[in-house]
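The structure under discussion is supplied below as structure tokens; questions concerning it will follow.
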Amino acid sequence: MELIFVNILDGLVTGLLLFMLCSGLTLIFSMMGVLNFAHASFYMLGAYFGYEISTFVGFWPGLIFAPILVGIAGALVERYGLRRVHQYGHVPELIFTFGLALLIEEIIQFFWGKNIMAYDEPDILNFVAFSIAGNAFPAYKVFMIFVAMGIFLVLLYILTRTRVGLIIQAALSYPNTVQNLGHNVPLVFMGVFGVGTALAGVAGVIAGPVLGTFPGMAVVLGSIVFVTIVIGGLGSLWGALIASLLIGWLQTFAASYNIVIGDVLVSIGFTRPENLDDSALRDLWTLTVSQIGPILPFLLMVLVLAIRPQGLFGKRES
Amino acid sequence: MSAPAIELRGLKKSFGLAEIIRGLDLKIEKGERHAIIGPNGAGKSTLFNLITGRFHVTEGTISMHGERIENLKPYQINRRGLSRSFQITNIFPKMTVFENIRCGLLWTMGYKYSFWTLVSRQHHLTERTEEILEKIKMTERRDDIAGVLTYAEQRALEIGITIAGGADIIMLDEPTAGMSHSETDHIVDLIRDVTEGKTLVMVEHDMGVIFDLADKISVLVYGEFIASDTPEKVRANAKVQEAYLGAASEED
Amino acid sequence: MNTTTKATASQRSATPLISLPQLAPWLIAILFLLLLPVIFNSGSALTIMNQMAITIVFALAYNMLLGQAGMLSFGHAVYMGLGGFFCVHLMNMVEFDGLWLPLPLLPLFGGFFGLIFAIIIGSFSTRRAGTVFAMISLGVGELIAASSIIIVAFFGGEEGISADRTMGPETFGFDFASQLEVYYLTAIWLVISAAAMYLFSRTPIGRIANAVRDNEERAEFLGYSQRYVRMISFCASGFFAGIAGGLFAINFEILTEENLNLGTSGVILLVTFLGGVGFFIGPIVGAVVFTLLQTVLSQYTEIWQLYLGALFVATVMFFPAGLTGLLAMHIQPFKLGKSSLLLRPYMRMLVPILVCFLSIAALLETAFHARHAPIGENEMNLFGIVFDSHGVLPWVVIVVLVLGSGFLVKRLAPELKEAWDDANYLEPRS
């Protein structure tokens, strides 16, 4: 029972972290119609910038300045890259951000090499916050939950209570009409791209010490992020939130239970074949739930798409 | 007597709470040239989109030659012999004029999803395409990319694509919109020529074009027909004059 | 201008189906493929040529989606990979279970398995084009790549599975133990597949795929279901990708998770786009250039992937029609007989641009060396020159070269632009 509680908290951490990426990605997609393939790369940039800053002045300034730097990098990419490619259409835009993801990974390796960085949580948070039935819950994860919640609340406030938020909301529901309202759309685009990537940067700074700061971190999280927003429904912020939490919990729970699938099959009435070595399906009998954990988000995506092609909360069909 | 080419019964369409089409009944006989007019926002294009399967019907029925077609897919309706053009030019801009027309022919000439015939080998197909190019007087532009044509040429090409498949019901959405007088005359001649013996349904704003072409006119105002009759009777109809023609004739 | 187009138009409608001018490029290509191993006959050259041929088949198949049908896939490696995995299993069945299957037919089976999976996955992924299709292809690709590590029985886990191609029945006296025999087998399949894909683009479905790419809604109002058209394009592409997988299995005799994952899917997108998606030969150009670049660059520099990444991003930004598009841009000046106008500015640009690129590369190499070389190893060798990457002088020289050549390129650019505009218009402009 206590394990479930720990898993709920762990899943919450993963889910909120995913949401920090998904929210920026969704904002950018809804406003500009561009699915930023390089979004997870900005998350990685956040982690590396955070690390680099932390080696000079410690963790906390990194938490402030790394996302700002990432946001500036994002805004520059929008201004000098994306805006140029925009004229060719959405598919080239997607290809551009894909190329950008490759390039950012190479640039990271150019400066920091292939090894994992010694980026750790600050000492002040390096203690056990509480423990449940022998399972320690580190203070840093509590901190992650608070940061993610804080960002979520700020975002909610901006979207519902400010003028900029109203424009963004209008753009979410009526993507083509906002341009006619006389707002400086290119500037709004640059801003949204900057803020969206900065959010990914924050996620990178706080995830770097826990999940590891290495050149593959973008790829590891990247495809999960895309799967999440497809499940939630492209362009839906609530969908992104629900799907992020769903996947966070799905992965955490799967990882912590060592149930063998064969046992499950037996318990629902299948008989185990005598000689497994010859069977092409032998893996089905010997695998554990924690082993198939990494593919669960993708399976969930296929399942959701088969039942609801537009995703859980998707409204727009195209 | 055979069933009407198109028949609407109690047709309704809502977007959210807004009811755009509010119960339409209409019969368009075979071979009739029927114009639908009405002020902006009356729901003319919505009606077109309902008949051609672009939008789902909220309530009521649409029949074509006596068979129900509401809520079918656009391609299913097209295969039954209904073809339409669009208010905003809707062609294949990156393909040549020739290929644009050929695309309009492929399905009805029975090629369907074939991947075992080569289009260049089909002399029949090529000849038929050439004929239509001749008809819309664009043989000269045969190998030009459609995207670089002038606006009027693109409109003519659009009509060419629409009639290419030989559908017996042709629906044209504002075919003369944005054209000069001489271009309009040219297009009207073209429409008259290519829809010979077919059922024509068109939305149009240019009264000259309508009285020139149409056998019957339906006047759509706020999602309802206020009149549906011959041009002379519609012109004489007091309600129509008040709602629509009044303003237009004053301008003349 | 008008008279010339009319002339070609009437010519085209009058010509018979297969004329010599149409066949000529194919005959030249076949001759070239036949002679290639005579010129480059070393083992490594054959390996590179085989790899090139496989990449060409795969890139052409990929372009049936991206270029012909306008569908961007981030998971197309799956169909090549699965085709390959099944072929490896078939080879093992030939070796151990006595299955009678001549090796030259194997790629066909790879194609069928690619097709089967394309039918299964395409049945739900082709509902939408654009971003949604791209995301689903990514998700499914990652699902299958991740599954391949878990399902050891079929995919062999992390090590993958391997086979021996020489265990089958001999075909016309060939046992395919030598690289050269494999080369000719690959080349034959390359020609067959390329011809089939070319012909496919000339069928009604191939033409309508273009129409759906350009304007899916209009195509629906012409009687075509956009979903069916995409589905058929997708299946055809999966089939030819599977053939590429079969060829890969024959050549390398091993398949691993790497053949299925996002990395491979990304590379084929890069290859195809680099070559140019708007042209049939685009992917061929892309595959040849990419394989050569990869082979050459990876021999000389550790950061070759950085160069490729930068090249890719630059292509998307500045030459979205790819290398073939860049060449095709020169057809107009040629037709107008004004290509000579371009010669002089090109010659003048050549040296500064070359110096500019090389000095930027030198800057990157030196910076990389200075940052990553083991402590104490300050000396580096660049273009045959040995210098100290931590020294001030080399940095000054490189920076001066970058700035100097950059300045020259900028100075000369307007002249080139003017010559370009002149060469593309019939009348000289005032």
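We call the chains A, B and C, going by the order they appear; numbering starts again at 1 in every chain.
FYI, a contact is a pair of C-beta atoms (placed from the backbone, for glycine too) under 8 Å apart; a residue touches a chain by one contact, two chains touch by 3 or more.
Being a predicted model, the structure only gives us computed values, none of them experimental.
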item: Those chains which touch chain C and also touch chain B; value: none
item: Distance-to-centre winner among chains (Cα means, whole assembly as reference); value: C
item: Chain B and chain C: spacing of chain centres that average the CA atoms, whole Å; value: 44
item: Chain centre separation in whole Å, for chain C relative to chain A (CA means); value: 31
item: Mean-CA-position distance for chain B and chain A (Å); value: 48
item: Numbers and ranges of chain A residues touching at least 2 other chains; value: none
item: Residues of chain A touching chain C in the complex; value: 29, 35, 81, 84-85, 88, 90-92, 94-96, 98-100, 102-103, 105-107, 109-111, 113, 219, 223, 226-227, 229-230, 234, 279-283, 287, 291-292, 294-295, 298-299, 301-302, 305-306, 309, 317-318
item: Complex contacts: residues of chain C adjacent to chain A; value: 66, 70, 72, 74, 124, 127-128, 130-132, 134-136, 138-140, 142-143, 146-147, 150-154, 262, 266, 269-270, 273, 303, 305-306, 309-310, 312-313, 316-317, 320, 364, 367-368, 371-372
item: Touching residues on chain C, where the partner in the complex is chain B; value: 2, 5-6, 8-9, 13, 17, 199-200, 202-208, 210-211, 214-215, 217-225, 228-229, 232, 236
item: Chain B residues within the chain C interface of the complex; value: 52, 54, 73-75, 78-79, 83-84, 86, 90-95, 99, 102-104, 106-108, 111-121, 126, 130, 140, 142-144, 161, 165
